[in-house]
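Below you'll find a set of structures to go through.
Both of the next two complexes hold chain A, though its partner changes from chain B to chain C.
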Partner chain A sequence: MSVNLAKGINAFKEVIDAPIASFFSSCVHCGLCAEACLFYTETGDPQYTPIHKLEPLRRVWKQEYTLLGKLGKMLGLSKPVTDAELEEWKPLVYNSCTMCSRCAMACPVGNDMTYMIRKMREGMAASGHAPADLIGASTRSVEIGSPMGIRLPAVKAQMKHVQADTGIEIPLDVAGAEYLVLMSSMEIINFPEYLAAVAKIMKQAGKTWTLCSEAFEATNSGIQIGVSDIAKILVQRIVDGAEKLKVKTVISPECGHAYTALRWEGPNLVGRPYTFDVLHILEVLDGFRSAGLLKTTGFEDALLTFHDPCQLVRRGGVLEQPRNLLKMVAKNFVDTTDHGQMNWCCGGGGGVSAIEEAEPLRLQAFKKKKSQLEETGAKTLVTACANCRIVLEEGLEHYHMNIPVVGLTEMIADHLTEGE
Partner chain B sequence: MKKTQKTEILPGTVGEGLAQRGVTRREFLQYCTSLAALLALPPAMASVMAEAISKARRQSVIWLSFQECTGCTESITRSHSPTLENLIFDMISLDYHHTLQAASGEAAEHARLQSMKDNEGKYLLIVDGSIPMGNPGYSVIAGISNHDMLVETAKGAAAIVAVGTCATYGGIPMADPNPTGAVSVSDIVKDKPIINVPGCPPIPVVMTGVLAHFLTFGGIPELDALGRPKSFYGETIHDRCYRRPFYDQGKFAETFDDEAARNGWCLFKLGCKGPVTHNACATTKWNDGTSFPIESGHGCIGCSEPKFWDAGPFYKALSMPVSATTAMLGASVAAGAAAGVAITWHNRSTKAAAKASHETVTVQDLAREEK
Partner chain C sequence: MNHLELLTFARGNALNWALMLFAAGVVLRLFEIFSLGRKADLSKPRANSPGSGWRTVFTRSLPAEGMLKRDPVTYISGYVFHLGLFLAIFFLAPHIEFFRSMTGLRWPNLPTPLVDASVVAAMVALGVLLAHRLNNPVKRMLSGIGDYLAWAVTFLPLLTGYMAYHHLFVEYTLMLALHLFSVELLLVLLPFTKLFHTFSLFISRWYNGDIFGRKGVAS
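On to the complex of A and B.
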């Protein structure tokens, strides 16, 4: 039952679908994707050309699904994909791809490299070439309930702290609440401000909400490592929790991949449509804003800029909402040169931040973000993804840049009009 | 190798003839430069050509006319004396030509036989008109059938230049139902180099250009698959047409008197055969560079292509497919679709097999691989 090469090749054959076939056959080898990838621009190493990271998958496609490839394979002319080769590709498929999708925006023929990397990781994991750190995170997710090994008591402890700080009771397992609020491990451990912010905002908006003891964790290690069987288990927990409590909407926290995993991949993984909606917290807040349920006073003094999380802008379409919200609390705001859909990744998405051996490369790639920030001269960096936030904080610290990183939700919560 | 100063004039050469006629070397060099350009040769070749031509003995040429209309001769004589095209005529010794020679009757035939004897293996044979194979009596000169005269004269020729579409591809005499059984020169002569200079008629400067090439290099120019010199027939009328931008923009005249026609838009829809016709009309033009048919408002009829007379109506647009094409297209589509279905079926079964053999991956599996 253990993983091996045959299983990996089988997984490659299984994931290759019409989009992948058309992507590979329409690639014109122009190399524009390289210029769009921060791992290439910051290292100048051509092995980081996005489409090149997919080479073993391309060969399986050619050998198994094209007429010439089949003939070549029959005559023994083609080079089979080997374990050694996949091991060589491991750092390319995992360490140097944050699935940020910037290359897909640059591709003149519209190839979605992120889609393919996501699928390729299925074969990498099934053949035993997934990074040990991601295997660990996936194991903790399935066996403990969270990639960082957090159990319910830790969540309850945080709820208690927040209750004490804000004086607002944090609801747990309240059936019939309108919103089910999820968190990422990062928020439970590093950023308790998030839960406090949500509590304050929900109170002001007058909405009912709840946490769920079986489904508090939003992150999905199965998506990052590339094992749909594991991703399905993790999504199923949230579906079960949401349906048990009969909530109308599940709110994905300030986390990029948790949002795309739950909203876009989830229904396909569980094999049916949800009975509830999935929204990112920024979509909910912008909804409150336009409905007049979000009232703020005062403005931030410092010059602010915003880091668009890749999964939100490029794969989620959450583009205008953060700027609408920022306008409420920031008069002094500047966008980076490549912002919005062409924003540069923090360098730690798609599981990269969890891979320890990828750290030197990640810090090198961070130079892109660094120069972007320096150009703006911003004094505070706002974002809407806990993973981006921790990666940005680490990068800024490494390069001795004194720029605090703040989550947008908590910044909004800080300016809520008191009273009433 | 540099001979910039006066070239010595040898008696009995083209150079001598030119000098006698008061043509300066400068004029001659200018002529050779334009000729080199026409032949798509590098500019440096102009002086080489001048050298070669002025030193050349006048080339003996025998011109035979068979089933033709004399239009080719009319064309080549329209070399606008005193323009430089005339010079070419002075470079050759035209020993036999029905229309142009002074001699007649026995004397004329004697001139042909004498030239063949004197210049055995060196003379150039020019033929215009097709050769009737149905009945030798259809076209006879001095009691000799066209076929016999061609075979007899070709025997000692250095090379043959077939001018006009009749001599090159059968032309109008061969058009359906071909009552005389007309054939082209290349259908009869197989053992001599043949240069085809088609057109109904060919452009004068193209004919003289080919002769000049022969005189300069002593061989035949590079030919395309239909035996035509590539320097003149390498591109289509369409590719060089000044109305091409309208074609690219989809601006077409629908009738010969509509606004579009007056605006000079593309004549494709009115049956212009420019896209499939290889000739130099659009670049060299006619009547001393005045214009060419499309410039006068009429589509190209494709006269330099084989069987142009039978290639559908002159006023029917090219894109209308003929039945053979349709049948072939249908068969190709069917074959392509069948191959597509087969490949798709095979790919689907490959993918289905992969799905069927999927074993659920658990975290325990992943962990086991961890060393």
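On to the complex of A and C.
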């Protein structure tokens, strides 16, 4: 056994816990998880069956943690996990799983395949079977500060532009502010309207907020590739920034996995509960709405629909907030079939959009989103995750569908009552 | 050994051994699961979550939204089989008498023709599920010898029970002994095959509901 393989198997052994043992014990091979997975439904290829993507992890569980499996291993009857097998499984564990959790909502015995894939990736990465693109993104995150290689000067340049456009000063490193606002690289590079929207909304609500020069990036490649050590470094930056500036609340931007990383995984990665709250921007906005701090005028003309980002709705519990907010600015709104908790993924979550070789498959899987959208007849697609947004834009362009994709925060900001 | 002696053995020593192995197997498998434990989650759970472990233990018995129409064969045959088997095990008068002799507890039985029909329905559903397993590319890929073994040891008690009740082909005493042996085979293999989901599904559903529930999601 090579050193790397041993590391990988050890990582598998380390992540296997009682929930995983109960999941593997309960699987009856009914195959229903495949019917919940867009990589299977849009390709018809059985290898994309969610539970099958976990086969090497299952065998390590069986061989190491069950009496029968151990006997089988001793007698040389069981098939050991090999490097070649893990390499073969790489596209299944990374390219064709967005960790969207739809299968975990559908499995009749309650198996949480996402919980297992997240942990399995630890062993894949440890044994050297993570995709090169995710290794690159993680390295840039640690060394430069952002998976897309963005440094503070780029953030400052955007702050300057937004200040010029809105006439609102963008606060940086203001100690004692109520909110620390984070961004995703995607928002820094592609969607500067997010920062402008936050500035306008905070001004209207009369809230103090700040950016942090040491913690501006919210995304976390560590949880996508499956290296908790890296994920911890990235979360720790935010924790340090938030505690240094003594903010009450850290706002996760319109990014699904950043929210998962910071809100749900973060305290476990840094090994202690936070001294501050973490909210997604939509939770903050909905809080402002119910407190009467968010005043809007006018409504969108076009027929709108909303794409629920998986990490917000299924793995985050942010379900009602976007709909409450949409009601403020849209009279002409239609939900897709399977919206909310059973919404279909854009196809690019969990690091998939960062893996170049996964693109053809991702575009094939996008047919599900395409048919969902076509059914509604919506003219504008609203979402609340910058990664979903870019994946949706690429998919729509690929299929020649002329539907603009808009971030919900930005849409709300466009309707703010002036002069208040 | 004549038929009566065989039946006596099936009802006596064989049954006792089977029940002991079954109980020991179940305890072992539960220990294998729970001894692995899980780390405490340090993230702050959502207050007033609509979801919880206990909720999912029950709600997961129904198909998730939109799933039934994607694979109606699996769902419908699955329900028919499980319900038919449940009625046969717990509501056939001789079975209740058996449980009474073991535990002292008794409950009302269902009319035998109704239980008989439910056994036929369960066997038909198992047949459909086997055909589906052989024909559906996903199921066929997932299936190994364990799946077919589990199918067979589940089917045999239904078949032998049905044959014994209707006095089909084999002399009744012998058939009853064979029925008991088939049940004993099922008991011994249950903890060590996927049939252990009979117990573990409550655990896995609970974990699922708990993982989602703390995030404010009713899974």
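In this section, the second predicted complex is superposed on the first by the 417 of 420 C-alpha atoms of A that agree within 3 Å, B and C clash if a C-alpha of one lies under 4 Å from a C-alpha of the other, contacts with A are read in each partner's own complex, and residues count from 1 in each chain.
By our rule, a contact is a pair of C-beta atoms (placed from the backbone, for glycine too) under 8 Å apart; a residue touches a chain by one contact, two chains touch by 3 or more.
From a predicted model like this one, the values you see are computed outputs, not experimental measurements.
Peer 1: In the superposition on chain A, see if there is space for chain B and chain C together, and answer fit or clash.
Peer 2: Once both complexes are aligned on chain A, chain B and chain C clash.
Peer 1: Looking at A:His29, would you say it contacts chain B, chain C, both, or neither? Reply first, second, both or neither.
Peer 2: second
Peer 1: For A:Phe366, select first, second, both or neither according to whether it touches chain B, chain C, the two together, or no partner.
Peer 2: It touches nothing on chain B or chain C.
Peer 1: Is A:Ala106 touching anything from chain B or chain C once the two structures are fitted on A? First, second, both or neither.
Peer 2: second
Peer 1: Name the contact category of A:Ala132: first (chain B only), second (chain C only), both, or neither.
Peer 2: First partner only.
Peer 1: Between chain B (first) and chain C (second), which, if any, makes contact with A:Lys7: first, second, both or neither?
Peer 2: First partner only, chain B.
Peer 1: Which partner does A:Val142 reach: the first (chain B), the second (chain C), both, or neither?
Peer 2: In the superposition, A:Val142 touches chain B alone.
Peer 1: Looking at the overlay, does A:Ile16 come into contact with chain B only (first), chain C only (second), both, or neither?
Peer 2: Both: A:Ile16 reaches chain B and chain C.
Peer 1: Is A:Trp264 touching the first partner chain B, the second partner chain C, both, or neither of them?
Peer 2: The second partner, chain C, only.
Peer 1: Comparing chain C with chain B, which touches more residues belonging to chain A?
Peer 2: C
Peer 1: A:Phe276 in the overlay: touching chain B, chain C, both, or neither? Say first, second, both or neither.
Peer 2: So A:Phe276 meets neither chain B nor chain C here.
Peer 1: Counting clashing C-alpha atoms after the superposition, which of 5-13, 113-121, 149-157 or 239-247 on chain B is the one that bumps into chain C?
Peer 2: The overlap with chain C comes from chain B residues 239-247.
Peer 1: Would you tell me the residues on chain A in contact with chain B in one complex that are also in contact with chain C in the other?
Peer 2: After superposing on chain A, chain A residues 16-17, 65, 67 contact both chain B and chain C.
Peer 1: In the complex of these two chains, what residues of chain A are touching chain B?
Peer 2: 1-3, 7, 10-11, 13-14, 16-17, 64-65, 67, 70, 125-126, 128, 130, 132, 135, 138-139, 142-143, 225, 227, 229-230
Peer 1: With touch defined as at the start, can you tell me which chain A residues reach chain C in the complex?
Peer 2: Those in contact with chain C are residues 16-23, 25-32, 34-36, 40-41, 44, 46-47, 49, 51-52, 65-68, 104-112, 115, 263-268, 271-274, 277, 313-319, 337-338, 341-342.
Peer 1: Mind pulling up the chain C residues that touch chain A in the complex?
Peer 2: Against chain A, the touching part of chain C is residues 28-29, 32-39, 41-44, 46, 49, 56-57, 60-61, 63-67, 70-71, 74, 78, 133, 136-143, 147, 192, 194, 196-197, 200-201, 203-209, 211-212, 215-219.
Peer 1: Can you tell me which positions in chain B touch chain A when the two form their complex?
Peer 2: 343, 346-347, 350-351, 353-355, 357-370
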